[in-house]
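For clarity, chains are labelled A, B and C in written order, and residue numbers in each chain start from 1.
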């Protein structure tokens, strides 16, 4: 029995040792790595930015971790491997700001909401108010996901919240999954980011704009995460995103400029 | 009307071709070595193996194209094959319930048959708890409960140990005698076949080599296998006359000198004949014999079987021989398997018979 | 004599055991026992539990109903393409569940190759419904029944079935009274494994049926959603799932592999 305990302890020790090795990455090598945690809605845009950044800064590798901003905020707090955090919501950034802390926080883009339907618009959605019509199969992201939160806000603004919430048939895990339910033709409508409609999915969905008075503008903050392994690289990356090259790319993918304040 | 079988069955590379009849109230044993095709034949009659050509008729009606469950047969298998998850009673009731009978009526009928054939066996026991003999009784009950028109028994005593056999054999005899229709018994055991059957069909290599009553086969075995079964030495080959009135019988296993019987019609050259030699006419010597016996065969002792005060000695000679000697002689010579010996017999003691063609049906 | 085990084996086995046990231990340690009740009701635990049981049991029943005959044919009937069909039928085990969900969408979604006809002719849409959740769950779980049943049948001595036929049993009667009872243990183990898998199903369900409390949000989906809003509640809910599965697996007592 004693032998068994000894062996299991040894095994556990080995495992922990192997895991903790990861954090102290060799920044003393010729390649420097920047770990960027970014909201799922930024996937296409930031991948392009990452490629451009690597081309402009030889010897640097940018590694992305895309996901729902709230998810990422949680894991940054517990894990500590992120250098940069680009969030779709201020609340998620606040979480990271309190623990482990951020520096160089600035808003780098905005995103607005849009209604999408399958190309043939089976439920004949002409405006956000139509989302309250009986029998409309509406798909939103879950309210724990920023875009889901914003969508519910927009519906409230338009005064159709009660009726529309009755029409919700699914709460998706992120905006990509929400779009997928529309491109497959199973949802009658969904509310997602304008950036989600750009390029790739443009032909597979039909967009219905939301009137300005009901619109919700999502402000995207970006920051250097305190305690990351590559602070210098992080700042450099943030600067690139804020710079004209980064901003142009963001515009191409449907994002709006940061609010001037 | 009984059972009329005239079939060809293909099983992979193996073909069985057999024709025989079984009258009502008659028991026919299919006797043959392992691999002869006996079980194949019975399975074909049962419907578990398709018939390649020919027909099987029961009471005048053709049954060879019916699926097995529609044939009015009762069958008991070598390993009993009682369904493991059903109790003894449910096993016996199975043929009745399978054909749509009501549960209570089926169980009552099952109980009746069980009382008759397997009185000591508890009705709600599971087959795993029974002995080999008990299982066979239950299997027999299961075969009979639906009052079939034909009874098939596949090696019914094979899975029973030696101590249980005599009792089971007499049960079988009684049961067979009480069954009105035709009965077919498969066996590789000559004692079983000889005591239970009215007629025997000898099957070797997929073909019928002899049909007859046990007495007929004992008196005139037609093949080496049949001869071995009844304990007789049989030689088969071509006859070549020699100068001094003797002849050489050239068999595939060796040459035997025989005396040309005087009154027999002359054989055409190269005719195939049989020679029958009783084991009691074979002598065993532990040193090369003196004198002038024409038939001397050196070899080794393969097996010794003591039956009462006689011993049957199987010899690995060319051709192989069976000798029957007294137990006293065996002890005197100190015979043991593996011993080098010389077997002799006199030429005149070989009974030469003309070969007759194998019968088609009886 | 006590068997002496080679040390490397012990180490590896130890790692294996620790690997599996550690997350479960962590769950128990981190449960907010104090606020358990509010946490559970807050995330709709009872609805999710009820729905989970409904969906998993329905999926198991359907899996057994169509999986057993299919397994029987695969085990007993030789036909061209049998090997291919067997591989395809077992594929969902190997496939990432989300991929299964996507496939189901393409087949049975409102514009899927069969789903389109269902919708146009009958107005039936399977996505976003409990039926859809059941379908997705059956898709990933049924291979387990098929594997267990086929394994059982292959190991069965078919002489019993032949005997039963010769004694008057039609193929259906033989299957019912002789074959199925003989593979009872393997069938039961397969069904339970299927149910356990169905209970834990996530990827195909959320991709095909969506996620809505009371209609498609089974326990695993509820856990996933809860972890952002209410990590404590998520841990609690996860434990519920763990205990459910544990009870079942212990009840099986090692018969999971189908050995009777």
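Here, a contact is a pair of C-beta atoms (placed from the backbone, for glycine too) under 8 Å apart; a residue touches a chain by one contact, two chains touch by 3 or more.
Because the structure is predicted, anything quoted here is derived from the model rather than measured.
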Closest chain to global C-alpha mean, per-chain Cα centroids: C
Winner on C-beta contact pairs when A-C is weighed against B-C: A-C
Mean-CA-position distance for chain B and chain A (Å): 85
Computed distance of Cα centres, chain C from chain A, in Å: 33
Chain B and chain C, separation of their C-alpha mean positions in angstrom: 55
Complex interface listing, chain C residues touching chain B: 159-160, 162-170, 173-174, 177-178, 181-182, 184
List of chain C residues in touch with chain A within their complex: 10-11, 13-15, 17-19, 22, 105-106, 109-112, 125, 127-128, 206-207, 209-212, 215-217, 224-225, 227-229, 231
Chain A residues within the chain C interface of the complex: 3-4, 7-8, 10-12, 14-15, 68, 70-71, 74, 118, 137, 139, 142, 144-145, 168-173, 177, 180-181, 184-187
Chain B - residues contacting chain C, complex: 43, 46-48, 67-69, 71, 73-75, 77, 79, 81, 83-86, 94-99, 142-143, 146
